[in-house]
Amino acid sequence: MEQIFEEQNFSEDKLHEECGVFGIFSHNEDVALNTYWGLYALQHRGQESTGIVVTDGERMKIKKGMGLVADVFKDGVADLQGYAAIGHVRYSTTGASMPYNIQPLKVYFDGGNLALSHNGNLTNAGQLRANLAKEGAVFNTTVDSEVVLTLIAYSARPTIEERVAEAVNQIKGAFAILLMTDNKIIAVRDPYGFRPLVLGKMENGWCVASESCAFDLVGAELVRDVKPGEMIIIDSDNSEPRSMMWAENKPAKPAHCIFEYVYFARNDSIIDNQSVYDARIQMGRELAKETPDIHPDIVISVPDSGTPAAIGYAMEAGVPFLEGLTKNRYVGRTFIQPTQKQRANAVRLKLNPVRSVVEGKSVVMVDDSIVRGTTSGKIVKLLKEAGAREVHVCISSPPVTDSCYYGIDTSERKELIAARCTENEICRYIGADSLHYISMDGMKRAIDKIDPEGLCCACFSAKYPDNADSVIKAEPESIIE
Amino acid sequence: MEQIFEEQNFSEDKLHEECGVFGIFSHNEDVALNTYWGLYALQHRGQESTGIVVTDGERMKIKKGMGLVADVFKDGVADLQGYAAIGHVRYSTTGASMPYNIQPLKVYFDGGNLALSHNGNLTNAGQLRANLAKEGAVFNTTVDSEVVLTLIAYSARPTIEERVAEAVNQIKGAFAILLMTDNKIIAVRDPYGFRPLVLGKMENGWCVASESCAFDLVGAELVRDVKPGEMIIIDSDNSEPRSMMWAENKPAKPAHCIFEYVYFARNDSIIDNQSVYDARIQMGRELAKETPDIHPDIVISVPDSGTPAAIGYAMEAGVPFLEGLTKNRYVGRTFIQPTQKQRANAVRLKLNPVRSVVEGKSVVMVDDSIVRGTTSGKIVKLLKEAGAREVHVCISSPPVTDSCYYGIDTSERKELIAARCTENEICRYIGADSLHYISMDGMKRAIDKIDPEGLCCACFSAKYPDNADSVIKAEPESIIE
Amino acid sequence: MEQIFEEQNFSEDKLHEECGVFGIFSHNEDVALNTYWGLYALQHRGQESTGIVVTDGERMKIKKGMGLVADVFKDGVADLQGYAAIGHVRYSTTGASMPYNIQPLKVYFDGGNLALSHNGNLTNAGQLRANLAKEGAVFNTTVDSEVVLTLIAYSARPTIEERVAEAVNQIKGAFAILLMTDNKIIAVRDPYGFRPLVLGKMENGWCVASESCAFDLVGAELVRDVKPGEMIIIDSDNSEPRSMMWAENKPAKPAHCIFEYVYFARNDSIIDNQSVYDARIQMGRELAKETPDIHPDIVISVPDSGTPAAIGYAMEAGVPFLEGLTKNRYVGRTFIQPTQKQRANAVRLKLNPVRSVVEGKSVVMVDDSIVRGTTSGKIVKLLKEAGAREVHVCISSPPVTDSCYYGIDTSERKELIAARCTENEICRYIGADSLHYISMDGMKRAIDKIDPEGLCCACFSAKYPDNADSVIKAEPESIIE
Amino acid sequence: MEQIFEEQNFSEDKLHEECGVFGIFSHNEDVALNTYWGLYALQHRGQESTGIVVTDGERMKIKKGMGLVADVFKDGVADLQGYAAIGHVRYSTTGASMPYNIQPLKVYFDGGNLALSHNGNLTNAGQLRANLAKEGAVFNTTVDSEVVLTLIAYSARPTIEERVAEAVNQIKGAFAILLMTDNKIIAVRDPYGFRPLVLGKMENGWCVASESCAFDLVGAELVRDVKPGEMIIIDSDNSEPRSMMWAENKPAKPAHCIFEYVYFARNDSIIDNQSVYDARIQMGRELAKETPDIHPDIVISVPDSGTPAAIGYAMEAGVPFLEGLTKNRYVGRTFIQPTQKQRANAVRLKLNPVRSVVEGKSVVMVDDSIVRGTTSGKIVKLLKEAGAREVHVCISSPPVTDSCYYGIDTSERKELIAARCTENEICRYIGADSLHYISMDGMKRAIDKIDPEGLCCACFSAKYPDNADSVIKAEPESIIE
């Protein structure tokens, strides 16, 4: 009897972040070890591959591999000695993810060694790559980010900072980039500030990271966000890093990715001055305010990502929050598929209802988003089978209707259920008694520390801040596989 | 620079269950695959090793290994064909856990093949082993359970059921045992019912498991608990399993392990008629009732095991439950230890406070138990550093003061902080503003479906239902390593 | 396109030894390390699995696994400390070789720990196993050798030496057994001396091994062979080991396995006083004397096992020996099968002719044996394609016509080509210009240090010294899988 | 007790080839599978890493890794479909060999995909790399060969053939290069023909390889050598490949590496029209002629590489060739080091004398070369301990006194014993009764199919055909790590 193995089918109904970055400059710390810890804290931003590169001023050493931080570096990082390091964790959307695409990238150019970690997505990489190839450039990877390295190498400006500025002024899209030369770290954030990037201070040194939760683990203090369109140069343990506003065309408003607050970032991070957890609790409250007609007995969440909003909802609605679904903490990436008979309930592998909690109850089930809709229906079915009288599904983000070009894997637009179906249709599809998405305004209100005009909500609205959709359509066919 | 790796240091402050068992008899199901799923659902009961043995009436095939179910069986179980199977997951207390100790055990005896899965601990294994050795028996493992197999083989009774009955009447201690011969499964529970064992019905077959959560995954219906002192014989898909009350000396009351409700069992299990989740919520409520003098702003939990009681506490106290600690879901078994400087906060690897939640607040932090006390203090420190004004630690079980001889790894008695210190001393040691353990009565009240006299609370009270402590002391030196 | 992998198909045309054993007793040596080296030298006797068990007088530690010595112990043996050790390398005939069958076996009995390494094959194991099972014994493996351990445990004699003697007097067949208790090593050889076993002296200690080549590597001096029917007890570094002739029924003549000299043993070993290499050279000479009508231009061998006899043949015949076949030294156990088109020449993976050597020549190709005949024909074809004018195949052993019951894997009798075909038929089958097997007398003459009556040639003659064939037929069906 | 592991210390006394290449173009064959087999046959040219890249005209797929061919491709090559493929096996001199240096290399340039396999060593790579970096090029590896790819990409010539020609006219040193574009394979050999490269014909396709032994395995016929300074373009299954003599500065004579005949190439290969095995037998004969004063009883070899010359010597001298040293066929790359006491004889792990062969004899021991001299002395000692009366060491190559810049790892010149010591000193150092190196003329005479002026003997004479030594000294400091 042949058996079928499934890979991670439960996560297919989530959007995926593509990367996390971490960098540190210090003569008094073990920079590789701190990068290891920083990446450990950022592991939720990418589980496919990871790497660390370190410089001692003369040589760069690199170690990278497919898998989790704890696995790739299971033999330690003691061989990576130096005074500056950058690292990367990566999520990739395809099974064809190849080892040579693992970041950080590292090359030799006429300025010495140069390493790069990138979170985001470039929208004009194909065009730039084609142009550079015409001038003789060769490319080793299928990673957009390699273009940035070549642009820097091709720049004729006198200093590395100016070469970087010239390079990043040519690229479009979303980027939080860490560059490392033989003796400095340069952090660059795109003019819209799509992806987060924060600066931290250690006792004797500096660090930069995608999220502030990484600072807590290495004992650094959050100083501030790197500003949209800013370049920060770190080449001294104690002097304040230098800053350069490099963007020749700065937009009027930033466009911070709102999905960081909905799902990606960790509860304990503060990005662009906004506590992520506060935003999530608040989204739940807004959702409750927007659904006054539901009178549930209890509020439950789809753990773990739906929990903060569920708690917020319960607080606002004045009903108990209970754990109606038990999560199996030992679910691995692959497993043998249940038999056909069991198939309908495969989601049980990860989530199982607690009958005594839901039986006979009118339940509000809070989740952060519905992407393809494949999982929500299965969970509703489980709850009903466990005796729930009513299941009202409340989602703490609006319907995801459009592709993201800024570093989130939204899959094909046609795979987004909300791009194809009305809310009523989705409600029927998932078998819920009612379905409620938070309003765009409600969601923005929940993120009260950020100007509502300064958020990118393109995946809900197709309003691409930099018209990326038209750029993408104009991109020539990639010359590469 | 040498680096130090740590293994799982965060779990050292918990008691550990030693095993989970699953068995199935069916000519219409893929028994190995269902056992795989059953063990998957029982993975929380043991992560060190696992195995499955299957019979087709003539041959027994076995597959086992060190590691998680998903890893050991990563190539599938398609080669394990038959109509009955038993499996096992095991936690072991020592690094010296050897592959030959992995269960199920399988031997050949004059009745054919015989396999065994055991959850529990025998208190007279050394004595029995010595006696059997004098009669010529050899032993291959250091597992107590091997004695059971030899006792069965030495029995001169005519049927396998009688041989098993004779054997188990000689053993003392805690046991939920699954035996499999070439054509039947026999499930046996000790006369006190220390460890759980439940019977389930499938469409065409029967299964037995340590917890009912395993039935949900394989699509079986919970029929009832195997009774203390009962043997259940399954040798037909559809006929009701036969039952035999085998215990020659049946105690007046059972002694169900109360720690299953405190920590071991999964929220979604029902054992001995009691919903585990209900008991935990109730423990939180009792705890709140017992601490009327605390007036917290919020209630937080040490996730995940402290969460149900925290929610119960918050409900009873009428204050919000919030996730004040973020759990890193990607923490592996081993990792590089943080540098000395970071050492104090190593627990941050797993848990990081959410500053915006706790800052300036008076916090009740609920956890299920304190064993060695090594972790609690670190968490309180993190919360204080994150700005918590007051931290009141509330524990949903009484102080663990005594060793368990019934299948729980309580470590040495001297390592139990409550065996050495008063509550006040522990409170000072962990740096809390106050420390409160639930009362024994409160805990028992929370388990409202079970007669309070029918629970084993020996680890809190040293009242060993079967005087195991004196038996253990009388045990001769083991003849084995 | 699906690809087919083959496992070791080139060795299928050889007989296979089943084991090698090594033991050492010394308070001044690292006994585990020396056992490692001893097994390394005996690796040719078994490549499937290996293990080492060591005692320090109180505890026995064991390490074993599937694979080569260098792989199984790739992390060293530093954790195996003690003053005596035994080890084992094993070849197994079936793919179903299970980890729990790996030797040494180790059990606990009423005399403490007991470990065993066995080279050979018992012919009455099934009967003994059935009898023991009736008395309550359980068995963990499918290894014959486990019976020996149980027989010892069941013996009521007062000393371990007497218990061993009682046990081995009950077993029939071929055995060179090393036993280790908590404080001594006992070496036992069967009354016929089928399998080799030699005693060596170290500066401060003693060792025993299947072949003397193991002594060269550990720096021991070959003292003598363990005699057929002898037991040697080693429990002191310096005192002469004690000897006991234990066999109640000693045959008139020994029956040393002649195939050790033909193929199994290493060139550099001396067993039962006979240099293996000398015997092989001499076999080649005898073969040349027996084939005066061939007038070859050159003599080549099927490397490596055919080479000594080929050199002997060339010396006697007065023609050059040349390496007409190049052996690929990097052939692994598994590989992707060549395409159908290439299939006929799959043997090229391992052996490729040197055209300039064989082109236009009349070639004598010497090999040590033909078992199934699957490979010989392919090699002859390669030589012809490379231009050889004539290929005369000369075999330094007689036709293998009968099964071995003494520890050699001769496969099924029906798979032995010489059991089914005449020499002429085989010659045509392999496409040779002529085929010559050495005569039985010639082969025995080549082994000039051993009484020709003291050799077992049953695989060529069906004359089983102990009538094993009738015993085997009388064996009851095994009770086990 | 800590244990020390050694890696392959026995091979440290040999020169090392750095690579083997294989390429195939065919619409009727499984090109990846044939490349797998070709590399299998070339495994002796490099055991550290291997890779295969295949094109189907649109996409290139690549698979590579550290280790042997059988290990890296243990899951097969079925996913590598296409009609052309190139592969590589690599030996590397340093432990720091990094995965990103594994060949084939593959890049994207303005002509599409481009892959490269290189055997040899460039002497002006540093200078070229520096020049290219000034023009904006970035480099991903520390492999010289990457420069070739960038030179091709920077070429402005109209066709790929011309771009390749322009590129290879700029590089100096030794190279046999296979390039693959999306639809053709281009094979290039340097103007001196340092490294071998042969062209083969299949039924429906063509292949190129470092040695002809690879053709035997894939069923191809050796057509001819690629000429020094020639480029061969294969873009059709059946049409004759096109040829272009590209070298603008063609030397008067080729300079084929003589060490291929001494040691590197396989016995069964024919390169530059010379049978490797014939040359080796002949070297032995020449050596015998040059040492008429030795009157040995027997000739033995250091297996396996010394065997052909030993056989040749024995034939010429009219004394028997015998296997005086037994080689352990199971020696792996790493092993636990013997204890101090055993240390002197660590070489026994691999080679053990056959006492009965050498005892009391005057022995000629033939080896192919002495590099560092670390092993020879140990072997002589073993032979003396085994009773050899006299040991005369005869070497089938002259003293290795100088570094190679053409793709052989000769280590530092100072590590070459013959660069520091006279023959008499070496003889005393290794403890031989006499030591004889073949004369340069004798060695060249043995290679009778090649003009003696057309051989590179620089490692024996420091006569670098292209003055590589001065080039190397003039090379600027590498800009890379």
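Order of writing sets the labels: A, B, C and D. Residues in every chain begin at 1.
Just so we're on the same page, a residue touches a chain if its C-beta (ideal position, glycine included) is under 8 Å from a C-beta of that chain, and two chains touch if they have at least 3 such contacts.
The chain lineup, named per UniProt: A, B, C, D = Amidophosphoribosyltransferase.
Because the structure is a prediction, the values reported are computed rather than measured.
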Open item on the list: Just to be sure I understand the contacts, which chains border both chain B and chain A?
Closed with: none
- [ ] Just grab the chain with the largest centre-to-centre distance to chain A, centres being mean Cα coordinates.
- [x] C
- [ ] Between chain A and chain C, tell me the centre distance in angstrom, where each centre is the average of that chain's C-alpha atoms.
- [x] 61
TODO: Give, as an integer number of Å, the spacing between the C-alpha centres of chain C and chain B.
DONE: 48
Open item on the list: Between chain C and chain D, what distance separates the C-alpha centroids? Give it in angstrom.
Closed with: 37
Task: In chain B, residues with contacts to at least two other chains - done: none
Task: Sites on chain A touched by chain D in the complex - done: 59-60, 99-100, 106-110, 112-114, 129-130, 133-140, 149-150, 153-154, 479-481
Task: Contact footprint of chain B on chain A as seen in their complex - done: 1-3, 5, 29-30, 33-34, 36-37, 40-41, 43-44, 47, 68-71, 73-74, 76-78, 81, 213, 216-219, 266-268, 270, 275, 277-278, 281, 304, 307-308, 311, 315, 320-323, 326-332, 334-336, 338-339, 341-342, 345, 348-349, 352-357
